């Protein structure tokens, strides 16, 4: 059979034959943009979607949020895409649980004139117009390693505690982390294993325990997921490893405040999810207004966020993540 | 005589059928976007996996057993299908192999239950984890999406512009076969006896173990067929495909009036239950009912499904008792 | 017709007392088999990884088991009556959040625990009332309440979450602290477990739970207040789940609207592995607790052995199947050996 | 209405009870009075309403009309517990034990002896149960679980339970149906003692000699109505039968002589460890062989093993020269051997299934057309046999569980007779069947034998064995102890072998 990659490229090629973008087209009002997160009731997505809501309000369009109750209910997410297609919304901003599973439904939606923006977690390239990336995947992956390296003095065994084994964004970041670790500066740092906590507090907890038992000389853990880092921090803070094993990764300031203050965690990072949502909203409206079509080099205005340029394969980068530590954490609430 | 007609009329499977009908009629009339062909095909397509597994599951439950590993079997055959496809095997060879794998999974369950006499609930909770785990080992974090278009179209497409997915007619054939098997063959008769009183069935010369083994095998086969359908329908083969499907199947089958004590229920009821839940979810999404509220509604429906007939029966019984009392009171009034 | 034959020897023959003791041992062996599997597993792991049974390691093992032990004991009570409570996962999530919400608002820790227990009792009452008054299949009803409680919880909680920083330090410290390697939480669980087991064995109410699970119709004829007992079992299960919810909060510190979802399957596995039959009337809470310990230990053993996360799930499942199969084979073997030994007496041992 | 033999009010009285199940009127305006120190019999055909009356007295059923009174005071029973608290102990027709609990716990459930803090005193409980069994002369271990007890043993546990109440009223619904003479004698001894201590007894049996042996007064029901209530002394067996059946009966054991043919069932050195040992016998076509023994002698176990529901450990069994597969009932049935089991509720019937389907279960292969069940043929087969055995039912599609005990037993017989077997093993075939139908069943068995069927009849009813069998095999503690030709089979010789005195 053929390989997955070549098909994805075919799709991208087909996609490139759209109408031309007009950066000066007027911004349409009265649109309906639906946000479809991986999971409703997930605090991270709630903040992101709230950002989208505010942006849409300022743009004079309306917002709605639908989504499955569980982050692994892929068929539920597909059903929601279908429902939104039925309801003829103007744009869908979706964080895909699965890069492939949503494709058929999203293409169906695009065929019906709906603009599709992915945010936070992408689908295959051909199944959406643009992807709003929470910071360049490369920057995110490398910066977490850099962060931990600094805390460890570039020495010792480290491990990664990820979410699901299938999470696209996690895997991309981990790829860049491994690449970063190849640099000579990290020759004394060794990645011993990658564990998966499935974004479940209890499982992440047990995986952390296991990591520490199996690798008694473990010096640091990177957990590029908000659930994972929180569970790991809670375990460390109640164990003898507190303050001895360094932990960093992606977390929200509200979750991590206690652990930063009690010395379990020195520093971690994250983008501002509200901005991510807002940018997705702007991108969606820009698509509907014809200001962009998803091709490399197109630019659009995103209100107070500034001007953004589309990169390769229709990817829009939010910018560098913020590093939180004891000094600045109290300035952030989310 | 009238009371039994009444009691027969309030048999739960007929009630579920009627409810489904009412729901469909009301939705056609009052819910925007429900009645068009696209939505109906979505609805049927997303309900088919549950319906497909519900067929053998109903037979299994009637005979007093249960198989909770179905979703994992589906996931496993999807994963193996993906892995083999990646390895370059022809899809025409892969599909029979995957079906064979399903048969093996079912056989393992069946042998553990019949040869060792273990409770099927316990066994299949175990194999549920085992099969899913094997799927994870086989496919890891890959998501295979590039299956041949012909097959994808079959699983996701519909006949012409109508609402009928290509996969519906084959399902209807299977349904007819299952109905005949359960309700009109000696085999089906035996299942009811086994479920209601296994010992009496043995004394009547029914080969209890062999029957059960057949059922587990058939369940495995159809579960893997579902897994293949799922992977093609969503154009994504991942190890965690169809996670949680077993609970949907169990809920739908229960809603259809199949007693988990064994020995009672009809396939019509089970299938009506499946489509009632499917249609209800579709309608509620179209009406912008949140995922959380949908869950509550599902729960209430389940509780009502058992309380309802009971109340009806009690009322009917009270009424006939009163009638009889009135009849007997007169001649003995002296 | 009145025929008088020579009457057979009355009362208990001398051989039976010893036979009975053996029989008793076999019944207890169900639990012994699990214990053996558990010990072997721990020993192997310890040999491979000396860190496993360090003070921290033991503490972690016990802590991991605590919450499952509590919920599984509650579930065992219900299963013994030939019912089931699938809503435990939802109730756990709800009570944990409620306790956290209360503590977050500056409430007293003890009151928070009581609140969680009370809420659990409320849910137990709901389940018990539906099952016992409506006399409807527990599986359906509690699957329904699983959805209802989870849905209501999600609506109430929304995207809020409780994090450890919202909780009083004393509370979370209690959750991870202990007397050397024995965590406080494990002590609580142990106390509850022993009390429950003693009640089941030695009090009329407890025996009646077994009776009505063994044969509901006979229980009715024997004048056992079936509804009240079933209700009580559900309430106890709810209370234990509520307690577990509070302890979950203390232990993990992080609770949101999806806490505990899918937990029911783990609980049911623990109960089944522990030898509590779903047909009611047999098994013990000790068995359920051992089952819980086994499951959580498997969960800790694999990472400690360095098994890749990819393998964990599969090995977990295979171990589970093996555990029940071995348990069963041992029971059958012993039964057969016993039968042969007691050949001169007719009494047969058949428990399945 | 009976005139009270004593001035004091009846201990338990029912006035004008009526009870209907759907369209079936099980009781119509029934009145009954039980006096202290009196044993009262309740007679009637299968389905006459005896058990329904007893369940109403026991608080299991709520009557549609009528009332109950205790020592002259009107009472309303809200459940079995109320009746128990009022001093009414009941042995129901179908034993209902807790299979997972010990025998002692079964007896004392709900009223265990207590220690401090209201804890159950297990030791005292076992001792008390042991004492009860001693009174009944039963060698049961109080600590063994009730699962696996034979029907007779179950019945005895129920009896011990009822005795443990020290009740003022003892109601017994066919307590002797599965017992052999010696157990019955022992039981009657205990019951007589209770009666003489002032306990009121209500007793149901289809064995007339038991009614005449124990009771002083008899009430006869027919179709839910009281047809007579009179002192036993005024009656002969024939008049009582006429009261119940409404006509005279023919000969009770109509054995038609038949020429024994080839050996149809041959069992050699069959052993199941711990249960029976070294059992060998032949049954010829056209022959009825009785298998006698005390309760627990292992007769049913032999039958179960031959049929294949249990595996045997050693030996062989052949049907018409073809060896049977160990542990395969379906193979046995294919070879033409069927077993009519003794426990109709656990082994014979699927209670929630209709009469028609129950009978149909044994004939699924013969009523098939093009792979599908031929419903017409199935119904025809069921109706045919239901009528031949005089099953009393409202509709053939009714659940079997709604039938009276005796009628259920007839369905069990119908179910296996309908297969047209070559070898028929019947285990307690007439347990709970009324005297009229019993004669019918005997005639039927006799007729089958005349047609060349080999019949092995296990029965605890010794007169039945003696009256029907061409040859009598006797078992004692898992071994065959005697084989008596018809001429030598007497009560004495059979009992001697059954109690191990022979040899």
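Order of writing sets the labels: A, B, C and D. Residues in every chain begin at 1.
The working rule: contacts are C-beta pairs under 8 Å (C-beta built on N, C-alpha and C of every residue); 3 or more make two chains touch, one makes a residue touch a chain.
Just so it is clear, the structure is predicted and the values come from calculations on it, not from any experiment.
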Pair exhibiting more inter-chain C-beta contacts, A-C or B-C: B-C
Geometric centre distance via CA averages, subunit D-subunit C, whole Å: 41
Subunit A and subunit D: spacing of chain centres that average the CA atoms, whole Å: 74
Where subunit B and subunit C are represented by their mean Cα positions, the distance between them in whole Å: 29
Contacts with 2+ other chains: residues of subunit B: 136, 140, 244, 290-292, 295
In subunit D, residues with contacts to at least two other chains: none
Multi-partner residues of subunit A (at least 2 other chains): 40-41, 69-70, 165
Listing of all chain pairs that touch each other, if any do: A-B, A-C, B-C, B-D, C-D
Touching residues (chain side subunit B, partner subunit A) in the complex: 32-34, 36, 38-39, 42, 46, 49, 85-86, 88-91, 136, 140-141, 143-148, 152, 156, 230, 233-236, 238-244, 281-282, 285-286, 288, 290-292, 295
For the subunit C and subunit D complex, residues of the former touching the latter: 1-13, 16, 19-20, 23-24, 202-204, 207-208, 210-211, 213-215, 217-225, 280-282, 339-340, 342-343, 345-351
Touching residues on subunit D, where the partner in the complex is subunit B: 16, 18, 20, 22-23, 25, 28-29, 64-65, 307, 309, 329-330, 332-333, 338-339, 341, 346-353, 357, 360-362, 364-365, 368, 371-373, 415
Subunit C-touching residues of subunit A, taken from the complex the two chains share: 39-43, 45-46, 69-70, 165, 193-196, 201-202, 205-207, 209-214, 216, 230-231, 234, 237-241, 254-255, 257-259, 261
Residues of subunit C defined as touching subunit B within the complex: 130, 134-137, 139-141, 143-152, 154-155, 262, 265, 268-269, 272-273, 277-278, 310-318, 320-321, 324-325, 328-329, 352
